[in-house]
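Both complexes below contain subunit A, partnered by subunit B and then by subunit C.
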Partner chain A sequence: MVLLLDLLTTAAMLFVVTAGLMMIFGVMKIVNFAHGALLTLGGYASYVTTQLKLDPWLSWPLALIAGVMVGMVVEWLIVKPLYKRPLDAILATWGLGIVIGQLIVMGFGREVQFVDSPLSGTWSIAGVDYSAYRLLLVPVAVALCLLLTGLLNGTRFGIRTRAVIMNEALASGLGIHSGWVRFVTFSLGAGLGTLAGTMITPLSSVDPNMGMPWLVSAFMLVMVSGHSMPSLMLTCVVFGACQVLVSTYASPVLGGLTIAVLAAVTLRIRPKGFAHG
Partner chain B sequence: MKTFERFFRLSAMAATATIAVNAYAADPIKIGVAVGLSGANSVVAPAVVQSSQLAVDEINAAGGILGRKVELEIVDDASGAVGAQKAFDTLVFQKKVNAIIAMETSAARNAALPVVSKGKVPFIYTSFYEGRSCNNSMYVNGWVPEQQVAPVVDYFSKNKNAKTFFLVGSDYAFGRGMLDFTRKYIEQKGGKVVGEEYLPIDGSDWTSVVSKIRSAKPDALISATAGGAPNVSLAKQLKGAGMTTPYGNLAIDEGTAKTMGEVANGLYVSASYLTSIDTPENKKFMAAMTKKFGADLKTPNELSEPQYEAFYLYKAAVEKAGSTDSVKVIPTLGGVSFNGPRGNVQMNKSRHTPLSMRLGQVQADGSIQILETFANVDPGEQCPNIK
Partner chain C sequence: MAEARTDRLPVAGQQTAPIRSGRGLLALGIVGLLLIAVGPWVFDTYLLNILIKSFFFAIAAITVDVLWGYTGYLTFGQSAFFGIGAYAAGLVFTHSGFSVSTVLLALGAAVLVTAAVAGLVGWLSFYRGASPFFATVISLVLPIVLTQLLLSGGAWTGSSSGLTGYESFDLSLEAWYWIAGAALVAAGLLAWMVVRSDAGRILAAIRDNESRCSYLGINASLVKIALLVATAVIAGLAGFGYGSFSGVVAPELTGFVLGTELIIWVALGGRGTLWGPLIGAVLINVATAYLSSSMPFAWQLILGVAFVLVIVLLPQGLVPLLLKPLGLGRQASNVPALAERAVSGKPVVSDKPALTMRGVTKRFGSLKVLQGIDLQANAGELLGLIGPNGAGKTTLMRCMSDGADRTSGEVELCGNDIGLLPPDACVRFGLGRKFQNANIFESLTVAECLRIAGTILEKPSLVRCDGILRLPPYALDVVRTTELDRKLNVVARDLSHGEQQALELAMVLALEPRIVLLDEPTAGLTKTERTRIGMVLSSLAHRYGLCCLLVEHDLDFVEEIATRIVVLHQGTIVMEGSFQEVVNSELVKTIYAGSTHTPKETT
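Right, the complex of A and B next:
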């Protein structure tokens, strides 16, 4: 039972952390190396909330708003000229990640910060006491997945976004304002990144490098899962499960490698990715 | 009356000037401090720099060493092996320091030792570490596993009636070294290790480890992770899982415990220095630190306080040797002692230092209450081949 809960909550955590990258990298094909820094930014949104003595739950909307705003500025200033130059975009976002990290160090210092957790304690499920916050992440991840799928597949905005990604010239010819669509999608992706950063603070330390360990796994998962949210969810469940199983039955040191190795193998066998996209 | 006053003032000034000239007539004694102003150690570096400054100021205010002024040379080592080698090189051959007093990571220390040997400069290593690093020019005044592990294990066995232990660490030299020793010590005392798990050094997802601890149901848990992030994420996830097993942390400093807030509450730590040590020497040290740095004060800790002591130990050695000549000072360093905030310290046990170890427990307000003091814990034969 504990193992099953470990599997589910790990998958949920991976999904939450990866969703923002999915919008930017999976959907828009911009390799966003600043995703780790966006996660960190979200962590500091929690820190600010704690410092202002606000309800910890408020850190979620606060992080989302901060992230969207940062995303808007970044898209307008840095990413906009680089849509046709993906290699330059890699360098630009990499540099941006370093800049955000350093700004955080200058603003808040290098040390580990204390953050209030919105939910603590355990819930009892089928006779097992399990971390309440981790359990909460499962419905949150599912809701997020449904919401984003609905947005991308069920709304006019989603159709326009996909049209712009598939064939920008044609989409523009049909009267879709492609620049605006990219602007909104990028900002939303950035907002999801910071939101995820806030959501993982009860499980991780808040320091200027907190986002980095998640970055590689997030990239692997998105690369393998193509560009649809449900396939990302599926990938998170399968790869997360493998990670937990390897950690439990072999060793956690190997568990840390599982996602990277599995992703490499999957891409070797099926270059199009794990889930049909 | 006026003229007399003026004359008096003038002569007083002249007198001060003469004393100053006499006191600092010779070249200053330069002491090098290599510290991670950038990189991973930059969290602790400011505290180390502050305690070095206090020591130098105090020594200079009391007339310096052998009448010579002490000068501090602080160099960034970027917290790593390459940076440390460069920093030590700069200190020894460019700045020509008389001694080096520094905390380093184990990798950085090993990289820097050849430079120290080549330059034949006395080096006091002020960091705790996994033990058994030996060099003719080096003395150590931090703790080694022999000193730090025993209080935790003994306290858990005696007061918590613990027989089974679970060990958790980060996968690197310090984590593995500490827990290897802990395992041996537990088994030697008749306890049993029911699990030993590691995560890569930058790992922060302890899911499976927490579940394993839960199913092993140990009487006590002991961890030796990398400082900072892994430590905090482990403590958070243990707390989140509702674990109430007594938990001893071999790798946490007082400042981090404070910033962890509620998460650290109840944690056991073993240290040679804690700010709450109740001795006149420590109170004096704390008061001097607070007075000098005010609001900018970084909490003195297990790495910064030995740094402070080391300056006084070097001073005593130079005064006993009667010169700063390395050939005379190095053998003398083990023979002098200093009564400081941690008590009386003397680096006389094969280049290492018998220390009074304190077992403390983190309180709800983040302060650490000392539960038991283990006096003069022996470091063991760390370097049997060095005289």
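Right, the complex of A and C next:
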């Protein structure tokens, strides 16, 4: 039972962490290498909330707003000029990640910090006591998945976004401002990144490199899953399960590498990705 | 593709550039050699130490430049190979002591392990249809996985503190300085010779247009894997030198942070120049050593900001910009002389038809684009393939040239079943395909494009530039007819649309194909050029005995040169015959008038 809950909550965490990356990759076809730094930024949003003795729940909106604002500036200054040079764009976002990391080090120091969790204690499920906050992440991830799917499929913005994904030239020709769609997507994706950072901090600690361990797994999950949020969810469940199983029965170190290695091999054997079956 | 760079000199500037830049480079090289020769008497011990390490790092930076600046493969993973080399020294000397045999053992391990890992990473990263992002992400995974493995290695790898205090070569600091300097010079010269050689141009061709490479019979994935293995071994040897010199190896040497630093040095130094990254790596290392103690965080921040600024604003890097006043520009290549290559004297005497298609079908989901295609064409035939837009003409050509494309059916080229083979294998069976839109290497010159087209016939040299460009007579005809021979040194991107079309045609013919697929070869050409190209095409079939397949909308043009017409409509062949038969048939008239549904009275 604990194993099952571990599986579910790990998949939920992976999905939360990956959703923002997916949003940007799906529309803009670039991998946002600054995603790790955004996660870290979200962690420090929690830290600031804790330091100011505010309600820990406030860290969620705070992180989202901070991330969206950073995303807007970054899209405008760095991503837009490089849209025709995608490999340079990922390099620039990577460089930006380094800059954000250094700024955080200068502002908050290298020390490991701890934050207040908005929800502490355990819940009892089928006779097992399990961390309430971890359990909370499962409905959060499902809600996020539904929300983003709804946004992409049910709204006018979503239709325009999908038009840009399918055929940017045609979409522009039909009067859709593709630059605007990219701007909104990138900002939103960045906001989701910082939000994810905030969400995962109560389960670990905050330090300037906290985003890194997640980054590679998130990259690989996005590469494998294709372009839709539900398929990303499915990928997170499958690969998250593998990670938990390897961590439990082999060693945690190998568990940390499971997703990257499995995904690389999956893509090599099935280049179109996992979700395309 | 990502390197849509704007740092090419304008055409006019190339006439004067070679002499000046040659001199500038020479002067720079002499200054560098002098510094390496007299260093021990000029620099203090601390600086010598820094320089020796930075020389080893600079070798790794050069390998990154070859992979990224020239081939377009952005990699964070060269640090892993550097680290493997360093750990080979550290592990062997710690656990087996230091002697001649263990040195050989460590060197062998450095070479073999880096080569094996690079081969594996290459296999994972480079395959048909792999996106460049994917290869980059894999290159980031490699150092992270390796660092984790080293961290979990316990006492054997020294875990997070690494290995230290092992016995190593007993050499003076001066000797190390000269050895490291000589190794750097050797690595730089080797890389310089290779990227400037004829074979080195293939790397740029892969960066520009991988699909065209494949249709010239070049297995781009294999080339990249081989290149990765070679550069990995060099980076590994540099790491071996570093590990032997410093007497300390730590997991950071394999990490992605070092991998990122290598990229930063290359980007700031100027990618695709070799000497830029070399200077960049050495200068930044020295600066870091002096500045990181006085302003530890600010210096990293400055580097990061400078890196982002350079990527966005100055993709060609800083060092070339600083040295521009010295007359150091990108070098123009020499113009080779054109020569005729005798067509390899094996006229196809086989009784097999050049092209056979049996029951070929192509579906996209439930949409049937082609069905039940049976087609045969012999050497010496010039088939005109006509049909209204959307009839499936281009799809049909794709099914002939890429084994993975058709849904069912059989295709044989010169008697070889293509199975599921990729385009480069089809090209080796004797196929040549000219695309509808000019598909060339945009950043290479006309001469370089033509040279690369002959790669599978004449193995290009790894170290030299051939002064003579040999082409088969019919390719030469195309080049002369369209006056491309006067523009051999022009970068293909700057050609007119018609000239690009002609260049692609010449490249396809330079393959000496047995079967030529031509998708609207004369689109964008003037009337006179059309007539001349028409003559070349008919001579291909009639004089040289090639089998040509031509998609063309201009019926007058088809009438002049085609020996047989095939009419394609809604994915099936509805008629075959001479031009007169086809043009006078009621069926074809209705098809082109567009008033009929699928004709029932098909042959």
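Basically, the second predicted complex is superposed on the first by the 274 of 277 C-alpha atoms of A that agree within 3 Å, B and C clash if a C-alpha of one lies under 4 Å from a C-alpha of the other, contacts with A are read in each partner's own complex, and residues count from 1 in each chain.
What we mean here is this: a residue touches a chain if its C-beta (ideal position, glycine included) is under 8 Å from a C-beta of that chain, and two chains touch if they have at least 3 such contacts.
Keep in mind the model is a prediction, meaning the values are calculated, not measured.
Q: Please work out whether A:120 is in contact with subunit B alone, subunit C alone, both, or neither, and reply first, second, both or neither.
A: In the superposition, A:120 contacts subunit B only.
Q: Going by the contact rule set out at the top, does A:84 touch subunit B (first), subunit C (second), both, or neither?
A: After superposing on A, A:84 lies in contact with subunit C but is clear of subunit B.
Q: So, A:251: does it touch subunit B (first), subunit C (second), both, or neither?
A: In the superposition, A:251 touches subunit B and subunit C alike.
Q: If we overlay the two complexes on their shared chain A, which of subunit B and subunit C does A:106 touch? Say first, second, both or neither.
A: A:106 sits against subunit C, while subunit B stays out of touch.
Q: Let me test your reading of the model: by the given contact rule, A:53 touches which partner, first (subunit B), second (subunit C), both or neither?
A: A:53 sits against neither subunit B nor subunit C.
Q: Touch test for A:156: subunit B only (first), subunit C only (second), both, or neither?
A: A:156 contacts neither subunit B nor subunit C.
Q: In the superposed arrangement, which partner chain does A:207 touch: subunit B (first), subunit C (second), both, or neither?
A: Touch status of A:207: first partner only.
Q: If you stack the two complexes on chain A, which partner ends up touching A:129: first (subunit B), second (subunit C), both, or neither?
A: After superposition on chain A, A:129 lies in contact with subunit B alone.
Q: If you stack the two complexes on chain A, which partner ends up touching A:95: first (subunit B), second (subunit C), both, or neither?
A: second
Q: Taking the stated contact definition, name every residue in subunit A that is touched by subunit B in one complex and by subunit C in the other, in rising order.
A: Touching subunit B and subunit C on subunit A: residues 251, 253, 256.
Q: Show me the residue ranges of subunit A that touch subunit B in the complex, using the header's touch definition.
A: Those residues of subunit A that touch subunit B are 2-3, 6, 9-10, 13, 110-114, 117, 120-122, 129-134, 202-207, 209-210, 212-213, 244, 247-248, 251-253, 255-256.
Q: Once bound in the complex, which stretches of subunit B touch subunit A?
A: 42-43, 171, 197-200, 202-209, 211-212, 214-215, 228-233, 236-237, 239-242, 255-256, 259-261
Q: Over in the complex, which subunit C residues touch subunit A? Could you list them?
A: 1-4, 72, 74, 123-124, 127-130, 132-134, 136-138, 140-141, 144-145, 148, 151-152, 260, 263-264, 267, 297-298, 300-301, 303-305, 307-308, 311-312, 315
Q: Under the touch definition given earlier, write down the residues of subunit A that touch subunit C in their complex.
A: Counting only subunit A, the residues touching subunit C are 30-31, 77-78, 81-82, 84-88, 90-92, 94-96, 98-99, 102-103, 105-106, 216, 219-220, 223, 251, 253, 256-257, 260-261, 264-265, 267-268, 271.
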